[in-house]
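What follows is chain A paired twice: with chain B in the first complex and chain C in the second.
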Partner chain A sequence: MTTDHAAPPVPRQRGGRRSVDSGGPPVPRGSQGLGGLAGKVVVLGLVAGIAVWGAFPLIGARAWPGLAVLVVVTALIFYVYLSGRHIPAKYLLPGTLFLIAFQILPVLLTVSTAFSNFGDGHRGSKQDAIVAIRNASITQVEGGTEYGLTVATRGGELVFLLVDPTGAAFLGDADGLEPLPAGDVTVSAGRVTRAQGYTVLNLGQVGARSAEVTAFSVPTANGAIQSTGASRASERQANRIYDESCDCIVERSTGNRWTADNAAGSFVDSQGGHLAQGWRVGVGFDNFTRALTEPTIAGPFFRTLVWNFAFSLGTVFTTFALGLLCALALHSPRIRFRRTYRILLVLPYAMPSFAMLLVWRDMFNADFGLINRLFNLNVDWMGQPWTARFAVILVQLWLGYPYMFLVATGALQAIPNEMNEAALVDGATPGQRFRRVTLPLLMVALTPLLIASFAYNFNNFNAIALTTEGGPFPADNTTIGATDLLITYTYRLAFGAQGAQYGFAAAISFYIFLIVAVVSAISFRRTRRQEEVYG
Partner chain B sequence: MRIRTAGVVAAMALALAAAGCGDDKPADSGTGQQQTGGSLVIWADEKRTVALKPFAEKFGTDNGVTVEVKAVTKDLQTNFVTASQSGSGPDIVVGAHDWIGNLVQNGAIEPVQLSAAQKSAFQEIATKAVTFNGQLYGVPYAVENIALIRNTDLAPTAPATIEELVASAKQLKAAGKVSELMCLQVGQNGDAYHIYPLYTSGGGYLFGTKSNGDYDPKDLGVGKPESVAAFTKIRALGEKGEGALKRSIEGGNSISTFTGKKCAYLISGPWAITDIKKASITYDITPVPGFAGGRAAQPFVGVQAFYVASKGKNKAVAQEFVANYLTKTDLAAALYQAEPRPPALAAALDQVKATDPDAQKFLDAGKGGAILPAIPEMAAIWDPFGKAEAAIVGGADPNATITAAAKTISGQINK
Partner chain C sequence: MTWVRRVGWRHAVALLAVAFSLFPVVFVLSAAVNPLGTLNSTALVPTDVSGENFDDLFRTRPFESWYVNSILIAGLSSFAAVTLSMCAAYAFSRMRFRGRRVGLLSLLLIQMFPQFLAIVAIFLMFTTIGEYWPGIGFNTPWGLILLYLGGALGVNTWLMKGFLDTVPRELDESATMDGASHAQAFYRIILPLVAPILAVTGLLVFIGTINEFLMANVFLTDLDSKTLSVGLFGLIEGERNNNFGMFCAGSLLTAIPTVMIFQFLQRYIVSGLTSGAVKG
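On to the complex of A and B.
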């Protein structure tokens, strides 16, 4: 089990979960040797550097809690590694920090999202929605004037110098519009280019005060004069305004009202319609119950679950069987060119799975695909449920068996030869030796990897999304296809229609997490028993 | 001894930390500079980034603004909405007009106030496409739609109806000149965008229109008898009928099958032209033909536009750029060179037309086309509609399939 090959999975194919307590800064052993000291200095220096690098944006955004966490964590790291005591902490700290950052935090974030309506149309705060509604309703006042605009300053204070279509120049400021004497200004091409007592700003200078310029408005009788960029302005008015007294949006032109529904995060009218711009609110267990009760989702759920298990178990068993077979065949010292064979067998593992999945998809094309042409077949592989299912498992087999071959080879080499020899002396046949000696010893080493592989394949989004996209779909139900996994189905539900529904997706992810966790827990418990017998 | 070691470690760590600070300093003064000069950040996809860069940089140096054009290769719309929500988004984003509904419901973009004169410089259909709820949300730069592209060596005359097309293609196939009748991408999961002309020619529609010309999400055309009739005609062209429509022809291979001279007729858009020219095929572009005796085949007309982000840091300059700088013809012509989508500016179109007749041909093919709906409800159509199409092309019963698809769509719209 301690050979290189049996090391935790490499990230690509099966790298679902890497053990969290590897990685992190190398743990120095006390204060021995110059190399150790230098390593410690470099790593702690890096920690300090990263902390400083991370602190600036946090200070800029005034995110004090975040800054406090950063300071405490950095101080903790320095304290633990600079003090001579706390030896166990030196070993535990990196793993714990990584566990919190990469496992616990994402899970907490997902769960908290699952209790909200976060998604398209419900992303920001209520205030954001009110501003968006107001700004989306700003229109030019009927018959309002278009002005040529020059942004200028009067002793540092921002003003608009405006020229109307007749060529008359005006000064616009917070008090309103007043005419400028024609002698004081130079107007060319419908804009003021120079004015006495004012400093004209160029576009770069306008950009530097962008927020001010955009917010600047010159009140008029019918609305306000506002800028479009830095060279034009017109008289405008917002049509939909938030009224705090009724907690509603009122449309000026029609008098229509949309009252805030703070439980749903929308402004709704009396007919049940709502404004598109909503805000994020907590919705309790709604997302969780919706996943279980909505017929379009709950109905096909179990069928998909069954296929999902079949897919991941099928992938694990076929890849393991083929990988083990190859490993056994190449384990015999009588075979020549073993090294060459091994390299050839590992090749699929060395290719980017992303590209390979697309290549395989094209090979299964009914009219142009390599497979039908090569074997002179006329099978609509991706068009029928069972051939499509067969095809995706075949692709996974090809992509996955080299990994199983590698780990099985490693585990085989770790089995002491004496065991087999002893069995041989006892008169066991090769079949008996394999079943009674080799396989059980292999399984002790490999079962955890098989479970990891199962968990990874249970959520193997790419394997489906890049080949069949869940299809083929039955003609009378376009929501769920024959090869859909829960994860691809969830993805389509959450992002396929009506934009992204992150809250709902998070709730379903949580269910998938529960399923995988339960299956893994049961399997690991069984493995432990196995280890007690053989270990 | 131990204390001394700790002291050395601490001192060196502090030195390294200081070095880290030192690295930060130039960046700080950089942002300081940006604050005095103003900066403008534009997000676009790769191809447009290349075309935009020289113009954006010129705009920057002319006006003392730092301009950064950033290529976002994947999921530009989603990335923009997410980044804009967290305050790290750009000032301007470039994208298709059917994003508007979603961008507006997320409060990510704001209306652009163009003067009447500025509006009139654009083709009418372009400004109409970027108008949503009565507001102009983007400045259009290109108009695109699909057309029938045919290999004139194989098929010298343009077919007037889809039946003529199939008949001519069958002759070519019998003569062994082609292996496929028509390259219209379907794929295993369908393609609503490419089948839409045939769907409308068969009598179907997606959304009705309100009195002001906007699409009405309450009037869903999918599932109506006309849509079933249209799909009955489409089925007749499918795998169980003429074999002109096939699920094995998909986005990844339809253009290459045409450039490989395996089919004489391709239904695709301006983006296919670069590949076709590379394969040195003689081609012509004509409108997508409809069914004999049917209605006109309407392609979707899409518009590419520039949007001003509502949470951008430099809205004043962004508005100046889209409203007053983008209305220049040479930028539109350069964008056409980068990818030949016909310009939305009438003057730029005239300039392009002089050297390249394709632009006008595509526009002619799009005449009478339907503006791609920008309402958020359209998101509910794509997936079920495409899958229903794929099933029917494969030979499924149109009535049952479309009824099921309509149920899914209306279920999602009414949610």
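On to the complex of A and C.
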């Protein structure tokens, strides 16, 4: 028996804590060093400073709900970092705050618009619509009052100084018409030439602000006073005004009526026509059912869905196949110039992808594109459905395979050599070794990345928008083209030339979300990774 | 014969792939040095070499501002995103708490929502933000960085968590036993060990951000505040043929920071890209 074994274990200090006192007792769990404390003070001080900076404009604008949110969030940050508990929260809070503010909140707002008719002609409230309809119908009326106009400013803000035919002077601003005391103004030749508290603009100054002057409008009981030149203004009347008793818009000149349809958010006449200007209302699940039932939309929707799957699966499959082939080819110590090959192979990955998409688009150009010139072809690549589809997948292959090459190289290196050697000893051919040993091991490692790649390519907006822009379009349907993905189609719906339909676009994007989420969830469930993730 | 079967095919595959990888890049290079600077006068191999397109780019456009903006935005965003993501991954990997499972899954799910459809909502949000705090509103790099940080937690967090799971728990547990706080264990023990995955996610975020076009295009409308992607797109938006040389010159210059970072981080890249996913 030796004394060595009987010696009591000596407590050892590790790492940075040794400096304090190597013989001292261990510091209790959860405490922190002086450096940590100082860091905490600095960071929390910064948070407090930002909160104060953020609070002033909110207080100035009396935006109390916003201020309340700011105070609550700041208090939450202080609570989490000052209390000794909730350790996971200390690590999760910063990222989560950004996530909530700039991802979850916008997504929730978008989803909520899916239940409304929000879009062009249905943006604001009913009151906004009434005002807009009234203002749009303002026209010169017979016998309307004519005014002598002087454009002036009041502390930088534009105002009209007006003189009516009787010689009385008025101030016209965005709030309406107001008489000016005769003592404060000098009127000559039917116009104000000087007014106390106002700066009269000369013709040159008026010219410089002509756009502002033309748009300026002084509301009156029946319409508005607007300029008809640099020195004249006249009262104009609204032709269409809202009548509360019948909840309708009445056109003065003809007597036509448009009654409010409060469920649809627009004013409709007896023939079923409606005014362009409506307002935003909730429409329940209408947008969701419309995407599935309306034949002009549902037909292309399903066709596009099929192509969308073909595109994303095709992209994942081809990039993975080529990337894996290259990785296998270079996965051998025998081959020379390995480093050089690798750097050249991944060059597409380093080039800015948006620019390369545009370059590829021009290389496929039928008239002066490189591809046709190089191979002496005369193919209108982007003009025919199948060549266009081939082209976009080829472009994605070029952009995407270097990533798969890198990933597959890494995974190949992680496979222990013993596995292959054992198979070799058992007499397996190279093909068998690849199919039975290498590939299954690779798939375990790479399936999550392939699923992520699928989800990404399913909504790969740039791939289409920067190359074919969805085209070519069939002659009978200009809304959805042969290479359109759901996402580019939705983008055209939401921001397109025919007028924005945000509500409807939001409903479709919700469907897209469901499809991608379900497909990904199923694939994840089928991989072993599932159990490990929750382990 | 055996050489062909063992090694020759490897060279053949590699050479073909290199040709496929390179020819668009060569075309871009050829367009960039083409003195005429138009698309239809550009051949695959340059016939005449000049720096005219580069000159024009710096003289007639605020290219330096675009460059600085891009580097600033992509650099700060990737640094901050990696920091935020790493903290979250540490919590998800090492701690057990209520909502952990839900949190991990929702990180993946949120990413699957077609993000840019939220552009309308984001536009309205930042209109309001710009009214109160012009410093982080439209046409500022800071607002855009904040917006990008909204996506900091996501696939990258999963990648990092996967990598962290492969780092033996005993390492930080023993540090904790020795009296280190959770913060010290994180900074002194964990961070140095996970450098590869930090490099990889940093590079991925950097490439993603410097290429990001949709949000930046809505966000940055002032000529001087634009990033490279928005500015270069503006070059050929109206005049597709005439500015092509300038556009290609700009694209080549855009690739430089990415290639530099790539070279710098190369030794980490291959192991880091998959180690998160590879596990027994």
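Here, the second predicted complex is superposed on the first by the 340 of 535 C-alpha atoms of A that agree within 3 Å, B and C clash if a C-alpha of one lies under 4 Å from a C-alpha of the other, contacts with A are read in each partner's own complex, and residues count from 1 in each chain.
Throughout what follows, a contact is a pair of C-beta atoms (placed from the backbone, for glycine too) under 8 Å apart; a residue touches a chain by one contact, two chains touch by 3 or more.
If you're wondering where the values come from, they're calculated on a predicted model, not measured in any experiment.
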Touched partner set for A:368, first chain B, second chain C, both or neither: both
Winner by number of chain A residues touched, once chain B and chain C are compared: C
Partner chain in contact with A:154 - chain B first, chain C second, else both or neither: neither
Which of chain B and chain C A:257 touches, first, second, both or neither: neither
Chain B versus chain C as contact partner of A:194, first or second or both or neither: neither
Touching partner for A:49 - first (chain B), second (chain C), both, neither: first
Chain B versus chain C as contact partner of A:274, first or second or both or neither: neither
Touching partner for A:207 - first (chain B), second (chain C), both, neither: first
Intersection of the chain A residues that touch chain B with those that touch chain C: 31, 362, 365, 367-368
Chain C-facing residues of chain A, complex: 12-17, 26-33, 36, 54, 57-58, 61, 63, 66, 87-88, 91-92, 94-96, 98-99, 101-107, 109-110, 113, 322, 325-326, 329-330, 332, 334-335, 341, 344-356, 358-360, 362-363, 365, 367-368, 370, 373-374, 398, 401-402, 406-407, 409-411, 413-414, 445-446, 448-449, 452, 455, 459, 461-462, 487, 490-491, 494, 502, 505-506, 509, 512-513, 516-517, 520, 529, 532-535
Residue ranges of chain B in contact with chain A within the complex: 1-2, 5-6, 8-10, 12-17, 19-21, 23-24, 28, 35-40, 63-65, 78, 81, 85, 101-102, 104-107, 110-115, 133-135, 180, 188-189, 246-250, 252-253, 257, 310, 313-324, 376-377, 379-380, 383-384, 387-388, 390-392, 394, 396-397, 400-401, 404-405, 408, 411-413, 415
Chain B contact footprint on chain A (complex, rising order): 31, 37, 40-42, 44-53, 56, 78, 81-84, 120-121, 123-124, 128-129, 131-132, 135-136, 138-140, 146, 151, 202-211, 213-214, 227-232, 234, 236, 276-278, 296, 362, 365-369, 380, 382-383, 468-469, 471-479, 492, 496-500
Residues on chain C engaged by chain A in the complex (per definition of touch): 6-7, 9-11, 13-14, 17-18, 20-22, 24-25, 27-28, 39-40, 42-44, 84-85, 87-88, 90-91, 95, 97, 100-101, 103-104, 108-118, 120-122, 124-125, 131-133, 146-147, 149-153, 155, 157-158, 165, 174-184, 186, 188-189, 207, 210-211, 213-214, 228-229, 232-233, 236, 240, 244, 247-248, 250-251, 254-255, 258-259, 262, 269-275, 277-279
